[in-house]
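These are the structures in question, set out in turn.
The same chain A turns up in both complexes below, where it pairs with chain B and then with chain C.
So, the complex of A and B:
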């Protein structure tokens, strides 16, 4: 729990600092230091195995387990990406202190969501995570697109919060508790007449969290917001807060599904297929890199959801999802930061304008291409392994549920489709355009790119540490709920 | 012995990992070295490459004494636990000796390259790929599972592609073959880039076969590990019951056929001569082509050991033996007529590799597995030494004379005394000059193994082997005769008259091949005991690692031979005769020059036709081009014009594209940007989810 204290301490520091008129770099450095210390702390806990095994049943409202740590690591990495990526991006904006302070607050919210084992705690953390991002999405006050993004995001956010709280109240009504473990057990033993209410509660959870995860049909706000918001913030939304949705979904929905022993996973399967198809098909025709990445991130939510849908039938499912969540945070984070770099230099991410980028911005382009290929799942990059485990698990589950392998088929086909637009970007950057001169790339972007390349290629060649970590983080593995 | 679930570990494992990791690390830092070499005096990429090659060789050397005691280091790490895959190294006598051969010969070749490649402006790229090449080869040698071997295998293929087409600007001097010559309408003149692709694609045919074989075995055994496959052999029983064992083994051997340039995938080897000569030396002596032989040596005992469980894989060994025999003869004959020195050596490599395959194949057909096994592997070692030496010496000649044709050389023995002497020494080993060269002992061992194998195929293969030996002695003599004897050619006279002085190659070049030439003779003198040492070592190795017991046979047939006791008199006699006949004929034509070979060939129609057939590579290359390049291209154009442009483009392609485009439009159409409609969809979605749940 100490980790939360460390993160929490940052707020007063920032607020004191806010009274001065410090520079962007100064605030960014504070934010970076805070996030970095937290990350090191979480990592050291995992490293020394001084952490409780993944659990869903806990009497506390928060539990410091490997499951939460995995999410915390992914989220903190993304937050660090965001802070570094903002360095050059946010220079012209007013109120840098508020900007970084909000990022930190949102990060605390994300981390707390991951560690929550109580519905009320989870909801509070959820709001703590969401509210700053509404402001951040509209941070470019003079930019109408940014304002529109923020407004749409807020409308949906408000609606989904209402839906979640409704789901929580139903769950409390059925089981008499807000502790997730007790709720799930309560669901399992609930009276038959209460069953519809329990189901409705889970359905509302799917919808409410599905908004953050960007699942079809709760995704409508996502492309507009991702495109309109400042790109570093898009990184935070796409790679960070989206993961919080999965954390919550894994804790509540999936465990609920497992405990209830009901065939409601089919709902998740249907949503997963729709999400994969819509995300990838819509991405193909996009003319704007950021918007294309936004749709691609919808598609990836579908891949991750495969693991959730088949969770009751094979433990590999959740393992694959967790691995993909971790990998996706880095891949997608790096891709959006690369887009940030492109915007800083070119002021646009329109695909016609990035011709010959490979010569103009070699390191950013390389980082972008490697993360795109990793997203497409090309070996030996890290995205390949997580997709392999997800699809393999889906095929394995075919012995229990007939539609399991179809998830894998949809996944493979849409992955192939995704290569079309990833390859298209690559072609634009490397094979088109005439003799462009090399321009100076922002150092902060280069740093992120190098880290991402090392991470993606390194864990692509030797994925075992991540796979092992994801395996230990599968919740309730020990309680015998999952075969 | 290791079961599938345990992870073997060994404290000495780190040295084995280092052997193959060091060259890769060297390759990775060499581009960085270029940047800082400006500031650090004396730091050049060449020196870094030498340092890493040396470190790798030394760590291989540190295990050498252990290998003689028959140690086995098996060290694994979990690679991808979700799939049950492990990465690991396996250093047993076989792989340690191989790693030493590869390591030390590569080291010498790297030293040689600092002289040979001096002043090349793409030198960084050269070093990178050379180190990559060595690292990949060591990875093959030291891996403990097929999957990892395959990674090294592809690494070797990639590096060979990059190095064969190293001079990618395709200057006329870097081509091979003679401009304008054709065979069956196919040009016999290849640019480096073309050759690189040819090598890559032809070896890839074998690679895909190997991949298929690998996964067939994996499908039954659930593991790629060599040790694991041996530990639990129920997979073989099952495969054999479905008659899949031999096909899988032969597919694996297909990989070796491609990599080792065996018939029918032999044709890439010739064009591989477009690479810098140092690369040719590396490909032919230490890396690439030896990988195939090593694979057979690695897997052969596994399949032979299954024989003890009653699972016979005789066809597998018969195929190996015959592929080897055919290749040996086919390529040796072609070596007799080619005018380019590097091509003669390339033919000779393919032919000698054929010997090794022959021995490894025959071994499996005999009860005395270890005889053929030792003979094949011993020949690999001796060939690695003398062929590296010959190639490097040939590189010196090219370097000095500036031409790849032997007809442009001639009479060089006075101008290049050291090269002359070393080339004789290594050449004699290739010929199998009796009693003092390694080549003699290893070849003799192969003869004996084939002759004594007791297989039904023993006699025809033996005759091919002896015939090949005659031809080998002949073409080697021819090569040395054409290069060093007679008068200087017009080309050289012209060079001298233009003021180029023909002189010995620089120190950094002749030292490496000198060392190897001297070693060839040096080890040759004690060749018999060296062979017996390896024989003894492998007997124990096969017994302990594979449970292949070698029945002790009392060798009685040697009262008259005195110190040569233990040798088979038929084999010994044959190799003596083969050497003398081949050398004698070569002497008559090319050293004594009593008969003009050109006149002799034209003297009668039979010789003329034969010469033409052989010179045109038995039309094999042309047929490959016609059937696998020209015909498919022609077919492809037809398909493109009459099928793709009509059926696919208008129907399928446009249809599919429109469907996707339409789908995208629909999705985008919902994306109106109007928040109200978004919220409406959201609400509908909630309803949808709840409905699904209740159904």
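So, the complex of A and C:
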């Protein structure tokens, strides 16, 4: 992993040494190489099973486990998408070296969040992930939309990290440690008089991570930021940093709440249902493809949260969440990169302007449609399997909690709703407009689309390896630590 | 929990409340940045106060980390606010309306 940080810091130095004459392609190639080497390294570790089983706790600050590796794979794939998608997008911008350097620093931050088992490490990694993205969101500094996006994102992001550090300070005060394992053990054995502080701490964690995950009611910054930021950066935010929020939430909130023995699952269930409904209903009313994808990504945070809400009742819950996190990273990443391609060619993603896109940009359109149908959960695409496991687990948990099946019902209904607006986009692209001529599509976008189509269809037809991988990445709840 | 510690925790919870109030009421970007900083400093106060009553000084180390990170955060925030000011001649986020839907 260290390669990401080292290369990320070296790129600006190379740029100064070359008197800032390096081309976008040159810096993108360096960034791509660093990310690709890291991805191959993580994959080879998983492949050779030379890695500890999913452990939430460790005496060290970082743990190299399957749980973190699953997130690392998703995040590195998304970062590679971002770097490739940026190739044609940022040619007009100044400082390409800084741009790619910030992407690398942000991706090492995300990966470290996924691996960290100590609250101090987690917080530092969280900030390493967030700070570059604030700058990246405002990178088009002559563009008012990008500016506004960055400022809103910064204010809410700074609030979320302030809340997280307050939560950490309370957790430290109650338990006297910052190691996640010891904190959770400390919560479980804490004195009754300290309970309010422990509860406040978990509540602040939910709010702080919820901002990054885009859960309702912490989602108001998200559509504006996703629409205004440069679209490749939106890919990084929607498919990357959001997943880091889930990694931290799984390690802290789910485990902490199990330790506190709270009736917290109902609260997460309510947030999940609200998130699914608000995200999908708001998406229907949008007139802009990026904004619609932003709301749909809020809705998907709700689907992933189903698994967290039912975690104590069935192990399938977290397995479904992890699988959906991996799938959603690829699907949503591909959809936003397709939107990037559309912006490069048409300079807009307004839905009225994409009529007949299927004839103008056939490969980009095909990639977009396949990722949209995968997001809606149409078989035999990979999104179908993760939703199947999530909803199946929710129905399964009905034997313990009465509201479990209702999560599945809300999920199925909102998925059907999402099919309506995905289908609407598809109709506009393929069945409206006439006589459009085929235009030249950027090669970088085509490369991402082809990879995404192979991934989505491939793991849709043959999902066993991914399902098995997600199963090995499920951490054991109550792994002998809690008395 | 000893009595002295309770006083520190009360002050820091009050600061948290002031920070959240400031963020939800004010619409000036610089004031909102101040409000966030107040919350961060409330957390630092907590960390240092708790560390005073513990056998090790991990909390104080963490407070140093957090101060350094907050400084980086403020640098980025002020840079973004300056760019926004050049564009809008204003730092009131209620006036930033290029995005809606």
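Definition applied: the second predicted complex is superposed on the first by the 457 of 483 C-alpha atoms of A that agree within 3 Å, B and C clash if a C-alpha of one lies under 4 Å from a C-alpha of the other, contacts with A are read in each partner's own complex, and residues count from 1 in each chain.
Note that in this section contacts are C-beta pairs under 8 Å (C-beta built on N, C-alpha and C of every residue); 3 or more make two chains touch, one makes a residue touch a chain.
As the structure is a prediction and not an experimental result, all values here were calculated from the model.
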item: Which superposed partner A:151 touches (first chain B, second chain C, both, neither); value: both
item: Chain B versus chain C as contact partner of A:199, first or second or both or neither; value: first
item: Contacts of A:162 with chain B and chain C, given as first, second, both or neither; value: second
item: First, second, both or neither for A:227, with chain B first and chain C second; value: second
item: First, second, both or neither for A:288, with chain B first and chain C second; value: second
item: Touched partner set for A:271, first chain B, second chain C, both or neither; value: first
item: Partner chain(s) touched by A:213 [first = chain B, second = chain C, both, neither]; value: neither
item: First, second, both or neither for A:471, with chain B first and chain C second; value: first
item: Chain B and chain C footprints on chain A, overlapping residues; value: 148, 151-152, 155, 159, 163, 223-224, 285
item: Chain A residues within the chain B interface of the complex; value: 148, 151-152, 155-156, 159, 163, 196, 199-200, 202-204, 206-207, 210-211, 216-218, 220-221, 223-224, 264, 266-267, 270-271, 278, 281-282, 284-285, 316, 319-320, 385, 388-389, 392, 417, 462-464, 467-468, 471
item: Of all residues in chain A, those that touch chain C in their complex; value: 120, 123-124, 127, 131, 134-135, 138, 141, 144-145, 147-152, 154-155, 158-159, 161-163, 165-166, 168-170, 172-173, 176-178, 193-194, 197, 223-224, 227-228, 285-288, 291
item: Residues of chain C that touch chain A when the two form their complex; value: 1, 9, 12, 16, 19, 23, 29, 32-33, 36-37, 39-40, 42-44, 46-47, 49-50, 54, 58-59, 61-62, 65-66, 69, 72-73, 76-77, 79-81, 83-84, 87-88, 93, 96, 98-101
item: In the complex, chain B residues that touch chain A; value: 77-83, 87, 660-661, 663-665, 667-668, 670-671, 673, 675, 677-679, 681-682, 684-686, 688-690, 692-694
